[in-house]
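Mind having a look at this structure? Questions to follow.
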């Protein structure tokens, strides 16, 4: 693997899932692979799981890790040709080239503005780093994609599925704040790579990017969508057509034990209890959110392993 | 040792002090104990000594360390059954379970509000983590206890005492801000475990928790209390009865060279010079605050060592 | 080397440059030197390059690294005899002595106020740490000096020079904000140690400290100064005589391809494009700013190596 910007950078999804599950059994078996290799983690946004699991993954492989909250330094400029006489102190051209010299791999978290759709879609932060860096880039959630989360989700479904082709439903949920589309986008893209029966359910006005959804069935009737589901992935996102708007906080879309039926409940976390999903679901054995979060380590680890192997 | 929430988690205080003093002589002699073990340090409040000494202690044992300022992520919810539609983005139930999967030990610093006595007494932050985490918890100062500091203090007294049963006085001092009771509480509790003659002196209105103080002599006359002391531990705390109030900033309670007599001067640091204690004390040979701070490393190291040994 | 506060702590500049270039070829060849040695990095100001390159350098030598943004803790007091009843919670006397016990080397970044010239010139932050610490101090940019940058610059010129005594010009550039003199000061001091033909050019009112400049030729005509230069080091600084004032933002002083001639372009970064220097320079092969930034690692590494060797 040369870099991990989006899930299509994985050549063989079933193979990488298998390898992640092997790493989970023996997390320290490649500890010499990362000797004298450094992962620089750049955070433009806050993080708990991604921060800790990716750092852990790198250390499991014997890498050194250096973490920089970029906002603790200064604002970067991304536009070409700007007269930098205002709030940006360094151009990403320099920053990316410079950091590449201190790093063997650079991992980046940079959320969308949710105000300028075209700019967000351009993925200017991570793509600028990819363009100017001389080392591989790993996406720790960008404006439109969260491929480490999606790989985690795929590992979790592969581990827990009880039939060859499980029914998987992505179900929108209400949330007090406007959230990005990254998790939903990458989940849908990843599910297409697995042998699952995928559908999506959300209120009107919440259609995801049609280029991603394509011919996946979409239901506005949540109950109809959830029928006989094996895995229900619950996630809020703001409107994509009326970009970044919160069109509904309808509590009827909250996931409940009753709606869930016998399905496994999935969520990327953090999750707002009794807003996105009721306690009874999260506190039941059907919830696999903790197992999912555990798999974050091995998703990151298999990606870093593939990248390190390719460096040699 | 299964965890270190409060000093009563130590089975044998004299034994652990002895072991800490051994570690101080050979800090790297157990460096293989922490191989492939990770300490996650969670800070809800600022730290200098605790941060550096605990990180150092873990690395002396060969552990990996991951540090998260939780406020850089988001606010946690601690109440059960809440509809999380406001300022808390993740419930401690999830956070504690998730972080446990990236950590072998979790260390936590979480100060009290000093506004809600019952809530502070409930130790809801550290106790919630203890309840939901699947790995041992170490207290790096909670609302009502600072057991790593108390262990440090015990080590220091054990190292420096010149008689079998030294006279130890805990003396309140003025301070511009309202401070917690954690250090004073844990110091009193720890002194009961040592063979010392303990007394406490403070102005009226500054009584500590009677469940902790019990039958320890308390003086409102500082000079009377300090007479023939071998160790004087100076510390400010806010009122416990009029919870979190600053009832006095009476400069007469500042520790001076004259009042100190021939005693050793102790303080947990940071200390405000010429407010809590005059320069002449801190700059004299009677001050052992630097030695105390050094022992923070070995207090943390012996605790982590005991916990790691118990994990095996 | 006992410590690295300013470049005159280097005994033999050509020798240390040579050693840095050797380290660059084999960065991990002294990895056992730092075993069980800890570098504590204290930041009073933001950092990107210095933070990452110094951390990398320490790890290349096998050291453990602990990083503290001091502003995340509390304000330190530097004055003697103060009654600390206001905003400072800990005196540098205690802080420096305490941190020394957790560190084998302490590296410090502390920028000037640019409002109180005498106080800035006193270098009270780094000098207080030097005075009270019991371990070596490394300057990661202080009020008036940036000796790691200057060593980097010397390494870069030594690597890239194409004649025995190259002509080196330090050229002032406009900037929207008032910047310190540290980089310019240390660059000038370092160039005196090399066999180069140094001159300085800046608008009137921008004279650097005469004790540093001494008999180095100074031109107010930039074109005259730049004639036949081999290396042009561009840097903004605020006025030193009218201390901390921005007297000019004259765009005519921006470095351009035309003015640069055939010289190599140097800058310490971060650099504001099209304000300090035009894109055409930075994007050309004449720019060596990325190579400079790379050498930050080896400047820090050779300094840490010298200090570690002296500890033994």
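Labels for the chains are A, B and C, by order of writing; each one numbers its residues from 1.
Basically, a residue touches a chain if its C-beta (ideal position, glycine included) is under 8 Å from a C-beta of that chain, and two chains touch if they have at least 3 such contacts.
This structure is a prediction, so every number in the text was calculated from the model and none was measured.
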Item to check | Same-site or different-site touching of chain A by its copy chain B, using the half cut | outcome: different
Checklist outcome for this item: Rounded to a multiple of 5 degrees, the Cα superposition angle from chain A to chain C is 120
Checklist outcome for this item: CA centroids of chain A and chain B: separation to the nearest Å works out as 39
Item to check | Residue numbers of chain B (touch at least two other chains) | outcome: none
Next on the checklist: If we count contacts the way the header does, which residues on chain C are in touch with chain B in the complex?
Outcome noted: 36, 38, 40, 64, 66, 68, 70, 72-74, 77, 80-86, 88-91, 93-95, 97-99, 101-103
Next on the checklist: Going by the contact rule set out above, which residues of chain A touch chain B in the complex?
Outcome noted: 27-28, 46-49, 51-53, 55-56, 59, 69, 176, 269-275, 279, 282-283, 289-290, 293-294, 297
